[in-house]
Amino acid sequence: MKLVTAVIKPFKLEEVREALSGLGVSGITVTEVKGFGRQKGHTELYRGAEYTVDFLPKTKLEIGVDDGQLDEVVNTIISTAQTGKIGDGKIFVTELVNAIRIRTGEAGAEAL
Amino acid sequence: MKLVTAVIKPFKLEEVREALSGLGVSGITVTEVKGFGRQKGHTELYRGAEYTVDFLPKTKLEIGVDDGQLDEVVNTIISTAQTGKIGDGKIFVTELVNAIRIRTGEAGAEAL
Amino acid sequence: MKLVTAVIKPFKLEEVREALSGLGVSGITVTEVKGFGRQKGHTELYRGAEYTVDFLPKTKLEIGVDDGQLDEVVNTIISTAQTGKIGDGKIFVTELVNAIRIRTGEAGAEAL
Amino acid sequence: MEQLLELSYALDTFYFLMSGALVMWMAAGFSMLEAGMVRAKNTAEILTKNISLFAIACIAYMLVGYNIMYPAEAVSQYWPGISFLLGADNTTEAVTAGGDDAPYYSGMSDFFFQVVFVATAMSIVSGAVAERMKLWAFLTFALVFTAFIYPLQGFWKWGGGFLQESGFSDFAGSGVVHMCGAAAALAGVLLLGARRGKYGADGSVKPMPGANMPLATLGTFILWMGWFGFNGGSELKISNVEEANAVALIFVNTNLAAAGGVVAALLTVRLIWGKADLTMALNGALAGLVAITAEPLTPTPLLATLFGGLGGVLVVFSIITLDRLKLDDPVGAISVHGVVGILGLLLVPLTNTDANFGSQLLGIAAIFGWTFFASLILWGLLKGIVGIRVSEQEEYEGVDLSECGIEAYPEFTKPGI
Amino acid sequence: MEQLLELSYALDTFYFLMSGALVMWMAAGFSMLEAGMVRAKNTAEILTKNISLFAIACIAYMLVGYNIMYPAEAVSQYWPGISFLLGADNTTEAVTAGGDDAPYYSGMSDFFFQVVFVATAMSIVSGAVAERMKLWAFLTFALVFTAFIYPLQGFWKWGGGFLQESGFSDFAGSGVVHMCGAAAALAGVLLLGARRGKYGADGSVKPMPGANMPLATLGTFILWMGWFGFNGGSELKISNVEEANAVALIFVNTNLAAAGGVVAALLTVRLIWGKADLTMALNGALAGLVAITAEPLTPTPLLATLFGGLGGVLVVFSIITLDRLKLDDPVGAISVHGVVGILGLLLVPLTNTDANFGSQLLGIAAIFGWTFFASLILWGLLKGIVGIRVSEQEEYEGVDLSECGIEAYPEFTKPGI
Amino acid sequence: MEQLLELSYALDTFYFLMSGALVMWMAAGFSMLEAGMVRAKNTAEILTKNISLFAIACIAYMLVGYNIMYPAEAVSQYWPGISFLLGADNTTEAVTAGGDDAPYYSGMSDFFFQVVFVATAMSIVSGAVAERMKLWAFLTFALVFTAFIYPLQGFWKWGGGFLQESGFSDFAGSGVVHMCGAAAALAGVLLLGARRGKYGADGSVKPMPGANMPLATLGTFILWMGWFGFNGGSELKISNVEEANAVALIFVNTNLAAAGGVVAALLTVRLIWGKADLTMALNGALAGLVAITAEPLTPTPLLATLFGGLGGVLVVFSIITLDRLKLDDPVGAISVHGVVGILGLLLVPLTNTDANFGSQLLGIAAIFGWTFFASLILWGLLKGIVGIRVSEQEEYEGVDLSECGIEAYPEFTKPGI
């Protein structure tokens, strides 16, 4: 099992969620985050003083997937979250030692 | 060492925290997240237009634990966070390459 | 590749970000979290009733780094985020199976 | 001379209307105060309650309440009889006839001034039962309270009933309006119970901080301002030197009592806990205002300040005590309007030689007794028939979702957290 | 006698000034209502629009608008001619001369009362075009609207133009102020289009909940209070028994119409959807107020309540219908002020025997026709020359950043989410 | 005739009381403005300061301040002597005696009107020292300022002291109230220092955006409305044609000056930075109001608009300049009330032929000098004895926690972030 962590542009969330649902992914955990990267922030102004907002709003998705599903999940995220403009985000994949469903105690692939 | 990531129902946070403290777990990092899963969202209404809120509020716990403590930590989370109703959440376990305490620079199990 | 997850004191964020930029780290994902640990919360009062706030505000950084950069990243975080007072936070390191740049589809070290 | 009488009538009517507009404004004050003192998830509902109860009060009082409170001819000193709708206004002839019996302000302006008082009394209730009471049960209560429960006791005092005859003294309504509202609130709180999680099994009190302190402060300032109409208008006349002086003194005393309440409450909390709890300062201002409402005319400004200060100290201890008794009142309405309302009534004889403690106690007993028991029965009926409390799940998720279907701050907070 | 006339003049002037101050306060009401009903990312901009449009309206009306609306001598019943700035006030001699032609209140107080009306009309527009219209295009529109478009139709009715002659009856401005503002708003919405994402290709309506319900409620209460000045002041005189009675009745009817609107709107949404949508209750209050504004004096209080209730029902259906027609009005301004404004005008003949349906229809057609088409041309010109809509990216990020460079709630929300 | 005098007395008293109520309302305006312009973590504390300073001002002025400012018999033109509490009001006989010396409004109404002015002056201070000053040190300052510092200079002008004799002209208090408050604020800011992190070592200015723009806007509208009482009431009489006309003109000019301030400030920021910074527009409105306050009666409406506009331009540059000088004033109070207050005083001779620049400069020097140095000494004493600044840790966590123990928005923000 793998844990896929994807940082995407916030307005893409709904689209990605639908695409993943289409693949049969049954669960996603979403966090609002701020991203710092190549994409530059913008300048705001307040009472004559300028300041740069370095961190941009991003949305982080965490999805536990079975090894067999990994590639299609990653590819689906790439194809739906991509705008081609800088700041589209990253996908990180880590190994899952275990996954458990709290409600039932089931562990492993059934828990996803 | 393992990193235990648990997604639970928000109102269970206090109970889980106390149970884990009881085990001697000395640190937890908590994030407010939104979960999408089998549990369905609810319908709201605004000026005559209905809409579904798909994402439900969940709370994510991250806990770095020593390998020996892993099982009791996981079991304790299961037993305290469980309501038996859909949406109780998931536990993901990943391997930790290292853990460091910033204050002292200690690494490994002492850092937890 | 490694994923470095650092939990630090919020007011240290800017300093850490600058130090990491100095190392050539090109991306960071930041989450506002609440931490529970050895550092104790404070007591508030509302209409004659006291209560303890157990969870303290912390900031979580996630940084995907190449293996070669790991040590300097970790050391830089330690040296900039350290105040020496309790509650400075933790760094967790996990193995990255893969990293992908959504914009281009590049994978591996180039994606970081 | 006739023109002078007409002009005088016009001035008194205008003064009445302006005072009434200021009291109407208090509805906004209660709304903001309560919206600031509840948690975010119950905010849209408390706002809905506040604007609706004001609307219901206005209609019910127009239909029947006003006639109960001020009957053309009362059946007895205890029972006014029932009639409906509003009568015709004064004719120019009646006014220019002059003499002691001639009307000196518009009857419609009187209705306007009175109707905002009943709405005030009802607004007191909504805060005490906030965060757990069903919306429609509450609005049903509001209808009966404003059509009947409030007007009847109002008749006893201001409509010429037995309390008036007995020498009971209540200038602008520490009893008739404030304690009356608080009595209805207390009955509701007793039948409703505390918010879930408010009191631990070990007797501990869990704070549930209000979501928006600027709103609560704004509400207090609005009420403070509106109170100039509330007390100032209750002089009922301004058109000669003596009356104008009286109204001016009432403004000054009302303002100073509020000021005394703020300072006293703030010092009290500072001495006890070492912090300056803003919500107590706000309650202190209102307590000062309630304390002076029973008699804003006979105290000197210095005494008015002290009376207000007494109210400010009392309200702090009352709020803590009610919490010890597990009487859960999220905004402190019962303490501010009820406990301090009684204080205000008992202070009257100290400066007003026409008043005495016996009559004051009688008035307190009559108003509290009637309002409390009538309300208890009404809340009880509602509880039996439709239920007055939302379900545990609804309370947990917030009544905004279950009752109103909307969130008050959809972008600032996460639902259900 | 002379002193009596002077005193009477002073009272009427003071009554006018107080009424005007209450109407000025409505500017705060519109600001809060609109700020509460838009999303957080567009809040600073709508506030900027509101305070600026008020300022622009005051200056434009002083420079030329007032003279167009109330010309010293009109060129014809259709065209008043143009002149600038304000004239001198009444002399003591003119006042104390007495008689039917003698001025009985200060001309400056009249200007003050009138200028806040034009600002009210303009405030109606800002809500309907919120969240997507460019700031400076909007302010340019405000300038022309308040200097010229509004005053011309105002002249037709209140300045002694052909609508006045035709027997068209509009006491305080359901048509001249409210429907006029709504007509300008409608023209703007048509040329501007809906907010991105508001209407799905499949005809679905996507809700975009307002960010701050307490603010929206506060705004409604402010408007409710200010309306006492709006309608009450429109009697123009209070200084004798008859006039004082009239003003008092207007206060009572205005208040009850609002109350009727709240209750009716709330019951309507409850019956349709089973929830008590607060925003509809707020729109109901305003609808009740607009419905009674065309004639607050001849209905009985009971009828006023019912008329307000009609407004409250109508506004709910109007809001849903406009959404079906994909006319995107974030705050419901077109429904509240336009659709219900027409209702108000058509209700007049039911209680005012001096009015008739023919003249009312003529008035509606003339005011709507002129305002709508003049506004359409003006919006069209602005669209062609500078553009009236912000870019897609700016709309997505919120106009606060692109137009004002600041956020309304920098610590409560995350920009761009 | 006697009845006419009584009625006239009643009208003037009522006019005074309504004006006073509007000025009292400005306390809510300052509270909301300041609460909106500070960061969330310092909001409950600034609210606590505002309501407490108002209360303290009312009590201190009643106890001694009023008598210092308006002594029955002054010791000299520079020193009024000290006495306590309020005297008896006018008798009917004195009023109906008629003649030039007869009192024409209630003395209590005068006190009421005056007391809200001193509270206004003190409210100016709280904004400038926000986010870092200790609560109790501030309240101690408020006590001495309102009991003594303000009343003494008020006596010099309005109480018949040497400034009055010298021909210094300040109609409603651009100097006596606004610049006086700003001078006390400036002294405080100098001893207190800037908020930590506000100014970079490299001279850069770090913005610390206010947390709640709708509140700040509401506050501005409240102040705008209240100013009608502030300036309008300062005519002191309305009961004849000339006075009524004067009050009406003051309303018109006050309103237009504010409008001019908004437009001018908005255009200025637009030209400099290309964005429409709402906070500058709000400061512009207030600057327009301050600019006209020294003389709202002699300018024409057009000139009043221009004077307001001048204020609006000046305030923008003043705010930037103070930041360059590292004088940290989170809400712009020193610029709005101090710098523009001076402008207002210097504009008087342009339209008022009774005024001259020499006397105006003397007045500015005397008021500023006395207030600034007296305040500096008082702040200095407080600094030495109890400290006036919170600790670094407290400032970082927000003064809400350390001073009040509560959060203003517990559910919207995370403490300490």
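Labels for the chains are A, B, C, D, E and F, by order of writing; each one numbers its residues from 1.
The criterion applied here is as follows: a contact is a pair of C-beta atoms (placed from the backbone, for glycine too) under 8 Å apart; a residue touches a chain by one contact, two chains touch by 3 or more.
Everything numeric here is computed off the predicted structure, so don't read it as measured data.
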I need the common contact partners of subunit B and subunit F, sorted by label. A, C, D, E
Distance from the mean Cα position of subunit E to that of subunit D, given in whole angstrom: 32
Can you work out the whole-Å distance between the CA centroids of subunit A and subunit B? 18
Distance between the centres, which are taken as Cα means, of subunit E and subunit C, whole angstrom: 53
Multi-chain contacts in subunit A: which residues touch at least two other chains? 31-32, 34, 44-46, 94-95
Do you know which subunit E residues sit against two or more other chains? 4, 7, 11, 18, 209, 212, 218, 273, 275, 277, 279, 405-407, 409, 412
What chain-chain pairs meet the touch criterion? A-B, A-C, A-E, A-F, B-C, B-D, B-E, C-D, C-F, D-E, D-F, E-F
Which of the residues in subunit C come into contact with subunit A in the complex? 3, 17, 26-31, 62, 64, 94-103, 105, 111-112
The residues of subunit C that touch subunit B in their complex are 2, 5-8, 31-38, 54-55, 58, 60, 74, 77-78, 81-95
For subunit E, which residues count as touching subunit F in their complex? 3-4, 6-7, 9-11, 13-14, 16-18, 20-21, 24-25, 27-28, 31-32, 35-36, 43-45, 47-48, 50-52, 54-56, 58-59, 62-63, 85-86, 89-92, 95-96, 105-109, 111-112, 115, 135-136, 212, 215, 218, 403-412
Which subunit C residues qualify as touching subunit F in the complex? 10-11, 32, 34, 42, 44-46, 53, 56-57, 59
Touch list for subunit E against partner subunit A, complex: 396, 401, 405-407, 414-417
